[in-house]
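Shared chain: chain A. Partners: chain B in the first complex, chain C in the second.
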Partner chain A sequence: MSKTSPNAAAQSRERRVWYLIAAVIVAALPLFVTDSYWRTNLIVCALNILLAIGLDFVLGYAGQLNLGQSAFYGLGAYSSTLLVLKLGLPFWAAFAIGTLMAGAAGALLSFFAVRLRGHYLAIASLGFAVIIYQILLNWISLTQGPLGIYGIAPPPTVAFPGLPQIAFGDLRNLFYLTAGFTLIVYVLLDQMVHSPIGETLTAIREDEVSAASLGIDGPKWKAFAFAVSSAAAGAAGCFYAPLVGTLVPDAFFVSESFMILAMVIVGGMGTLVGPVFGAVLLTILPEFLRSLGDMRLIIYGASVTLAVLFMPGGIVEAFHLLRHRLFPEGEMR
Partner chain B sequence: MNAFSTFARLAWIASCVLVVATTTSPAADKVIKIGGLLPMSGPGSYFGAQDKQGIELALDQLNKSGVNGYKFEIQYEDSACSPLPASQAAKRLIDQYKPDVLIGEECSDATLAIMPIVEQAKIPLINAGSSSIKITDPGNPWTFRIMPNEVMQGVDIATNAYKRLNARTAVLLHENTNAGIGNAQVFADTFTKLGGKVLADIGFGRDVNDFTAIATRIAGMGGVDVIPTYTLEGQGLKITQALMQAGVVKGGGGKAIQLGTIWLPFGFEQKAGKAALGYIRIVQFDPTDQRPQVRDFVQAFKAKFNLEPTHLNAHAYDQILLIADVVKRGGKDAQSIRDTLAQTKDFSGVTGSVEFDKTNQNVKMDTIHYMETKPDLSWTSLKWN
Partner chain C sequence: MNPAAPKQADPPTPLLEAHRLCKNFGGVRAVQDISLTISAGTVFAIIGPNGAGKSTLLNLLSGVYQPDAGEIRFAGLDLVGLPAHRRVRHGLARTFQKIRLFKQLSVLENVLAGYHTRHSIPPLQYLLHGAAFRADARRCRAGALDLLEFVGLAHRAAVPAGSLAYGEQRLLEIARALATSPRLLMVDEPAAGLNGAEVAALLRRIANLRERGVTIVLVEHNMDLVMTLADRILVMDYGERLFEGAPGEVQAHPEVIAAYLGAEAL
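Showing the complex of A and B:
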């Protein structure tokens, strides 16, 4: 039985406190945010966080530059919707299958990662995203292609004995569902990256040959990281369809992969909490800037460029540097 | 003492402001709030820019005297021609601006995403730019379309191609979007039923930039009479120029005639140059129309913007004028505006007239105007409708 060092135990306790704080924030947000526009933004934030932390797991920890996240997002959205519409499966079964299908596709993509690294893997994963996009666009008999699927219903109402029914047509409940699920995924990923699994993935990221010399099976762990990352994206896709009520392939164009990558980089790659901030910032900022009219996208683009330029380690590193400057005697981690 | 005097003066001024504000507030309340869901970013942003001009002109004119004691104000949101941004923009407008009526979107995918939101909020939406049949079939009670849908346009242009241009062969070019596929399908069905033959149905994504291969393929088919083309301006220019270079269309020495609907803005010919020679397309505004309201609109638009008005300007102008007409007939809030809109008969705008059927589709065909590009790149109105 392994012994935990006092420092690790303290960090673990601190993380649990942060989980609790996050849960309280999730529970409280809809109480303060009451209009449907901002509640929808909160749900989009939750989905983008799910996409970003998924990508960060494979990119920030396993070091695999995956630009195919939009494909897994689309796979989850389309497979779950089609399973409901064509086979009449209940949403929750379709959600589980859609998530697993995206995870399986991610594991499939990891076969490229065995042979390819860096830019080459990026190009291969980008190619994968293009292929999936083209399938969604051109397999009209199955996906409706550009004709789109409309009128997608929200997840069915849930009823527990003795409790009021939970209708997900209500944006508050849909937010609790998506944000709650995202929080659970975050906790699971956070536990993993602070366990030997995280150390194994980091070892592969830092030096695959040295990791292999320690008996680490690189291809197996890469497949694992890809599968987890793409399953998270697939789950986000399963929630996307009932949120928007409409599915068109353009929503999963490859540019979406770059947006998710930007969330990870702006937030702070390899920190897990960083992509959360990155996703929130890049989702909410353009909405806040709406009042600026035509200048909105220029200011948004400039803000992201400046953030990357002056905060190369992302928001998290900038925060640590700021804290170090303000409190030089304080503890730095 | 001085301080007291200053305080007294300030208090007096504040009281005056308060009195003025109180007495003027009832008049200020009589405002019809219009939400504008327009694409202002992305490949369809030219829609939004031109829509805004038409709207601004209409509001300037209406707000000089008001209608039934109501003034009109508008707030825009960028709906980006895409479902998620469009639904976000719609929710923002509805929640924060609380409009009495909405206008927009231009792209069918975006409009279809907005429709359930406006239905739930019970706010009427007037659409001018989206051609997908699904918008009014089945549609919903809160969405009205003042332009002919894809079936009305497609049947009309295919019939004219067959009967007036004596076309017997066609190649369909369309972007792979809801509207692109739908428009092409209606043309193909009608043209084939009349006895014409569709030699090829070529769809492409919005990311395609080089149409040389497609144009060469069409040139290789030989004997193509008409090429109905359904795409936005950027790709439309590249297609037209590629067809000229391949010697397919009149501008390149060929005999094929490109046909189009309202997708392309005015000024397309000047950008396409010689390649646009002989291009026949539906526009929903004829600036040479001699009706007084059209002449006045053209004159006022030129005076305000120093530009010739386009069909997008005219469409947006008509949307606002239709709202004003509804207010004149008693519309004062979302519900009464919807109910009055549904009863619209023979509203005469600058693009044509409006009369809604039970699906809230405008059934008047005088909004379809055919134009042909002349060698000097100006237009001639074909007066087919």
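Showing the complex of A and C:
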């Protein structure tokens, strides 16, 4: 009977334990990773996880392929940076506006693409990514085009009375900031997908006509999922600018969307934890292959192809299969 | 006049009224000038040969299509222009002739999805589950299991909906539609593909629903089921209304026999 009625309270407790474990890992990582090169990679990892879980929310749950993630990433990065540079806004205000702007752009895109499904929505979002890239490249008076924006300052130092100051020029602190933010977003998304919102989005993914017959407003929920997804990308962009210190349009070229898609697919879409593994793997692995130059792209392509062909559920499915092999009668959950 | 007529004492209150509905697909007049009045607490059957327009009529009533002309009123509310998902909140639910379950989700999850309009969770608890969230989850889960019990699928709650036998899938669609707590349930060929015992069980369940006060619109080819259950029957042919009446009148109507019951009745 335990299989048909798993205790919801126990599941929710188990989830909280996992959140805690993740928090401990985040807290401990900089203790083991001390050189600045790898600390920078850890931060890039955190941002890629943010981009990937955002994409998975709309793709894995609502079933809508969003290939505009690179554009929302760029929107967040450029708008927050320009708000600080041109209007003198404080970083965190610019962060909030940049994130919301990306989210609103996502909702609008979904709203106009509401009649498009499957390939057409994917193509519309891809078109959006191309347009945003071209704007970043050609609106030179605003973005300085291919020359880029240089010398972007880190987020302002935080000082609590009686405690040492926290400066985000320090990579350890910047890691805690970005990874902590990513963890919070993960927890919020995880809570949502394990709520009736998750049921609603998967119902839309499975059959929109059927979902409507249960009172589900497909266009509204798709716009919601798109907004959440693109806001996550926008937030990642807001952190990207001060991390790198430089913004050039090429960082937000359309291929970035496919990189993020690869992370989701390799990790296993439709589970939030999958894209985390996918993002870590596809961020860290290429660092070991740096000497191979453009071979890195081939690694990306090959891993996605292999995942789609042999393991459509990605790393998460591989893990489950392995566990099944090792403990055949041990029921999961 | 008719001594057998059971409950003609007080005039029944109409729950759903349609007036001169029309729907064309290109040159095909799928529904033409159909008017109907469905009383609360009754079973209203729609029969007719293949392609007569029964499913299209159901799609008009449920909001999958909007009519080219005509009116639909549900408990006094004008439904024309209202999208399908908005009609659910007013108490309309339906199943599909071509089964449309969420195949990858479990049987229980399919029914839980039907609770979409019936949750009571404070918005912030979607982001951080609290006591009210868990209470809502328990309530919906218990309700969903009750509905699965009602259709005889409780023992299948954990399996993917796609792995159910055909007849079971039809029953699951009914349970999922009932999860919206409808006042009017429209079922499109619920007995298609069911064996004799399953049809008998289906008949009991529909009768049971009517006793609970749910009004039923039944599109069905199985004449035993229709004649046993229906209070009123609308006979359609080529998108048009051929006849409407009580089961006895329909069986006696020469045109209906010719057009539809045909050899079976002779």
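Keep in mind that, in the parts below, the second predicted complex is superposed on the first by the 304 of 333 C-alpha atoms of A that agree within 3 Å, B and C clash if a C-alpha of one lies under 4 Å from a C-alpha of the other, contacts with A are read in each partner's own complex, and residues count from 1 in each chain.
To be clear about the criterion, contacts are C-beta pairs under 8 Å (C-beta built on N, C-alpha and C of every residue); 3 or more make two chains touch, one makes a residue touch a chain.
In this text, all values refer to a predicted model and were calculated from it rather than measured experimentally.
When the two structures are aligned on the shared chain, A:141 is found in touch with neither chain B nor chain C. Shared-chain residue A:150: touches chain B; no touch with chain C. Legend: residue contacts after superposition of the two complexes on their common chain; A:12 is shown touching chain C, with no touch to chain B. In the superposition on chain A, A:165 makes contact with neither chain B nor chain C. Common to the chain B and chain C contact sets on chain A is no residue at all. Against chain B, the residues of chain A that register as touching in their complex are 35-38, 40-41, 44, 137-138, 145-148, 150-151, 244-246, 248, 250-251, 253, 287, 290, 293-294, 296-297.
Note for the complex: chain C touches chain A at residues 62-64, 83-86, 88-89, 93-94, 96, 100-105, 108-109, 112-117, 119, 121, 125-129, 133-134, 136-138, 140-141, 145, 154, 157-158, 176-177, 179-180. Interface residues of chain B facing chain A in the complex, by the touch rule stated above, are 40-41, 76-78, 82-84, 87-89, 91-92, 94-96, 109, 112-113, 116, 134, 175-178, 180-182, 205-207. Those residues of chain A whose C-beta lies close enough to touch chain C in the complex are 3-5, 8-9, 12, 188, 191-192, 194-197, 199-200, 202-203, 206-207, 209-218.
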